[in-house]
Amino acid sequence: MLNQFVSSVVDAGREWLQGEKKTGDHQNKDIKTLCHDLLQAKGEATSAALAYEVVITYQNLNKDERESFFNNLVNGFDLDTNALIKYAQTYKTARNQETFRKLMSKTESLRQELFRRINQAQRGTALLVDLRAEVLSGLSTHPHWGLIALDLEHLLSSWFNRGFLRVERIDWRSPAIILEKLISYESVHKIEGWDDLHRRLAHDRRCYAFFHPVLPDEPLIFVEVALVKGLANSIDKILDIDATVMPVDTADTAIFYSINNCQKGLRGISFGDFLIKQVVTEIKKEVPNIRTFSTLSPVPGFRKWLKRKVSNQNAVILNSDSKQLIVSS
Amino acid sequence: MLNQFVSSVVDAGREWLQGEKKTGDHQNKDIKTLCHDLLQAKGEATSAALAYEVVITYQNLNKDERESFFNNLVNGFDLDTNALIKYAQTYKTARNQETFRKLMSKTESLRQELFRRINQAQRGTALLVDLRAEVLSGLSTHPHWGLIALDLEHLLSSWFNRGFLRVERIDWRSPAIILEKLISYESVHKIEGWDDLHRRLAHDRRCYAFFHPVLPDEPLIFVEVALVKGLANSIDKILDIDATVMPVDTADTAIFYSINNCQKGLRGISFGDFLIKQVVTEIKKEVPNIRTFSTLSPVPGFRKWLKRKVSNQNAVILNSDSKQLIVSS
Amino acid sequence: MLNQFVSSVVDAGREWLQGEKKTGDHQNKDIKTLCHDLLQAKGEATSAALAYEVVITYQNLNKDERESFFNNLVNGFDLDTNALIKYAQTYKTARNQETFRKLMSKTESLRQELFRRINQAQRGTALLVDLRAEVLSGLSTHPHWGLIALDLEHLLSSWFNRGFLRVERIDWRSPAIILEKLISYESVHKIEGWDDLHRRLAHDRRCYAFFHPVLPDEPLIFVEVALVKGLANSIDKILDIDATVMPVDTADTAIFYSINNCQKGLRGISFGDFLIKQVVTEIKKEVPNIRTFSTLSPVPGFRKWLKRKVSNQNAVILNSDSKQLIVSS
Amino acid sequence: MLNQFVSSVVDAGREWLQGEKKTGDHQNKDIKTLCHDLLQAKGEATSAALAYEVVITYQNLNKDERESFFNNLVNGFDLDTNALIKYAQTYKTARNQETFRKLMSKTESLRQELFRRINQAQRGTALLVDLRAEVLSGLSTHPHWGLIALDLEHLLSSWFNRGFLRVERIDWRSPAIILEKLISYESVHKIEGWDDLHRRLAHDRRCYAFFHPVLPDEPLIFVEVALVKGLANSIDKILDIDATVMPVDTADTAIFYSINNCQKGLRGISFGDFLIKQVVTEIKKEVPNIRTFSTLSPVPGFRKWLKRKVSNQNAVILNSDSKQLIVSS
């Protein structure tokens, strides 16, 4: 550690002495070279500085340059299958820390290590989520980009692990920068401007979202709930901007009427289950008079779908008094 | 998504209706069974609930049970090398999303997926860090535990990625729960109680640490800096509890006199480089009159070590005025 | 203190045992009786409970009841001038702590003590600010309410003392509950909805407000500033929603283009001077390249007014380079 | 407002242009002159700047200079009783806004206005609290300083109004800068260092304090509570550093065992009642299984005192089950 401590101070100082000069160097390099440099970087600080260059450079790529970069990610940063097979065979016959370490060094594509290093930079995580969104949207015409998508899915699943997410209530006290995102991401029951949003965040409504610490302004998924008396029989009533706001202590039912994933780049990495479970817990704690949890028309066609599912009944109801799961007609 | 939304609400409700009964079920299961259940769990919420059972159960294991559990982790949750080799060969001849997905499903030991799932639970991350610490400390007598250590190193490196860490200044306004950890983790220059700590956090000292969002009370690494006038020639002066606190605007030199890793379970996952770089930046911004950054006796024997390294000189100095890296005698 | 400690615990306990019963008692009392009870209350906790009753009761008064209450405040809670004169004469001839204490007990109207006690309740401060606003708006038809207004001005000046206010930057990260108030309070250059507001809070704009700790959602006064290159010659350009957002580091001039007091009940208690001074300081610190501070058409007719004031010139300019105060033509 | 807006910008700018020169001017003036200047200052910003000079100058006065300053406060900033009597007589015969305004302008000593203006400065409030502490401690030898004490009591009562205070739980997560003050202010049951403090803030203890927004590091009063099973019969047990920490859900009784005022300068301005009431509420909410609130030996001699008070019984008990106030033997 000693050796490293001194050289860290020396490195940090040298970098600071040289100032912007160093930064300038990278700006002319193309993204492929930067990525290779990044993979070979030794010092942590150098690596982080290079990662930041990659972020900046990527953001300025045009459509063609991105396509070319994605193709390069597929072909230039893949698995070495020969080495993988060789080390797997060695490990198979001699299982120990050394053979396992060697095997592990070949089980991932170079992309994964590259992405982990990009993630060190400020805005690195956001870039990777965006990159995956772009890759997914081009998948039909570029099926081999699927390799990139899978690598990112693997990493993002791990980074957006439930243990790292925090649930937050969103209401009229939330920052506008987050609220405007609800307006833009809500696709189940479109939000028609700030007045509509204001009604949906009134005292007899609840909205909760998951956030990741490094994306504090970006809800990952949010669920909208109406607290009502009796079972609401129409989504129109719930969405009515002019509906009177009800005192919460007269409500007995929580209706989950909408849920939306916000990040296309996180497709396939699901949080909905966790969120709903946690929201049920939060509501139980905050509004103990709520005894029934129900879904209602979360999407157009829901009623029809549910009818097929549960014959001639119109809502799934969880009722704590009867201590049974009922589906009311 | 629709289908899943409804069944999530149903699941959350069912679970809540059943309440503590469910929890009770698991408490009699042993940790190996729980781990297998966890790996096979389908719903996210079920998985998180099981993960929490694993955390609780693990914490109550005695020494023998832990050894047995670690051995089971080595042998019962390993790689399927045959499948790995088979899928690697398939992928080698036909590289596409499907063959890659299959290959990826076999490149990791089951431990990694198990650990990722444990990480979903509250305190899951802390458990995994502790588990690795324990595994590392038993490595000499149980060399095969090295497989566990490597898997955890891989995951923890990814989770404790620089992009997820935040640097925080620690001073006399910091929570006592964090300060007491400085006292216990400082091993370079032992802190002799709260008065000594108070002096080390005075206006002419700086202390910075890295934190991870899910371990808010646990510094990962911290560095101690003294702001002085001229180059301090002795660590004793810096550590003197009764030394007069100097006005910061008269200081011209920052001496990095100690750095400590706090988590044994994160051994080999280094942050020191990043931290020092960031601290240099913070100090430059906050105290622009600091022109020299230096290390001094960070550990016993440092002077001797440095002498060997740089012949007959006694400190590494970075000086911005001379625009060169000098080592003063 | 001992005696009081025990009786506090006893009181707190008794109150809690009796629970809602007690609260119910007051709800039938009219506000005048409540106010007299409040003035005579001995224990602090009793006093705070009564104050809360006053707040609740006041909020439910209709227009006639409020008028009657205000008249009662004028006549039923006034100064005892005879006692005041007597004690003033005593103090004049014998200045000591005792004579001074007696004099002080008569120098204020009972209203002031009443208002101070109302202020103990949650939302008490807000009520008093609102009450003064109402009193001021009725002053032309009820000139004697001026006594209430003066008493409140005296107290509110003291409570909204500069030392207790904190300046806060308002931007797109601010809570919607505060932002909607900018829209409603801006009367110099009306804000036409959320898009207009968004532009006014973009990176090349600054908005700062004063807040009081007990009214966290209520800006007291806010000032809007545009950071521009060269002296803007038209307010229309500054207010143009579609104007390109400029990089801040190219700006050299800060134009204070609007200032608004928000609370009618705080009329005559001025903060503007303090706020502007502090905003100049903040901007200097954050954007050191700003060298000129200027006002431009803060209100319709400003240009004309300024022309009269400074003959044929069109803006007041403070320029740090020329080290003089100039008024440009 | 327009006029004022422009001149505020002009003033702020002028001040900034002149920079430190202005500040230097005041540094040679003595505190009496500064106080007179402050009372006559017109602009708010000028007033605040002068107030800051007073704060700085006051802090550097030696003992003799302070005595001289206090004497000057008594004699040079008193009431004008003649004017007071005259305006009181006018108001008596003609009660209207104008006569009331004039009367109000004479009902306070100049000290009060001076103190309000000092309060505008950073650290102004802290200075006034300290000043009163010093005045109170010198009262026996300088009885006429009682006038200052009364004026400050009047202002501080108003500023430290319950409505402006916030209650905060203090635990091991609190900043060390606050914790060290508990150690120094606890005089009922002395805290013997950080280990003792740690035990007093463990999970089965509660400590709450009142804070004022402008003195965020200074508790005003704090109360210590032990959560126990059954009625503790000895303070020694509660204070035992080595006592096992009890799970909170097994406790049924909250024992208020100590309460301390922290600021000598706030003597006579009591918060204890409020604090205890609020703490009872907080504990009821957080730990619903607590059914009994009791005091026990809050001070040496308490048992004896209580015995005298309630004959042969040893604790005041509030029990919610019996719905009566009992004093157990």
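Labels for the chains are A, B, C and D, by order of writing; each one numbers its residues from 1.
To be clear about the criterion, a residue touches a chain if its C-beta (ideal position, glycine included) is under 8 Å from a C-beta of that chain, and two chains touch if they have at least 3 such contacts.
Just so you know, these numbers come straight off a predicted model, no measurement behind them.
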Between A-C and A-B, which chain pair is linked by more C-beta pairs in contact? A-B
Farthest from chain A by Cα centre, which chain is it? Let me know. D
Please tell me the distance, in whole Å, between the geometric centres of chain A and chain D computed from their C-alpha atoms. 48
Report, in whole Å, the distance between the mean C-alpha point of chain A and the mean C-alpha point of chain B. 23
If you average the CA atoms of chain A and of chain C, how far apart do the two points sit, in angstrom? 43
Multi-chain contacts in chain C: which residues touch at least two other chains? none
Using the definition of touching given at the top, classify the network of chains in this structure as line, ring, star, complete or other. ring
For a test of understanding, state which residues of chain D touch chain C in their complex under the given definition. 1-2, 4-6, 8-17, 43-45, 48, 78-79, 81-82, 84-85, 88-89, 91-92, 95-97, 100-101, 103-104, 107-108, 116, 119-122, 124-125, 143-144, 146-147, 149-150, 154-155, 157-159, 161-164, 213-214, 256, 259, 261, 270-274, 276-277, 279-281, 284, 293-295, 298-299, 302, 305-306, 316, 318, 320, 323-325
Which residues, counting only chain D, touch chain B once they are in their complex? 172-177, 179, 193-194, 198, 217
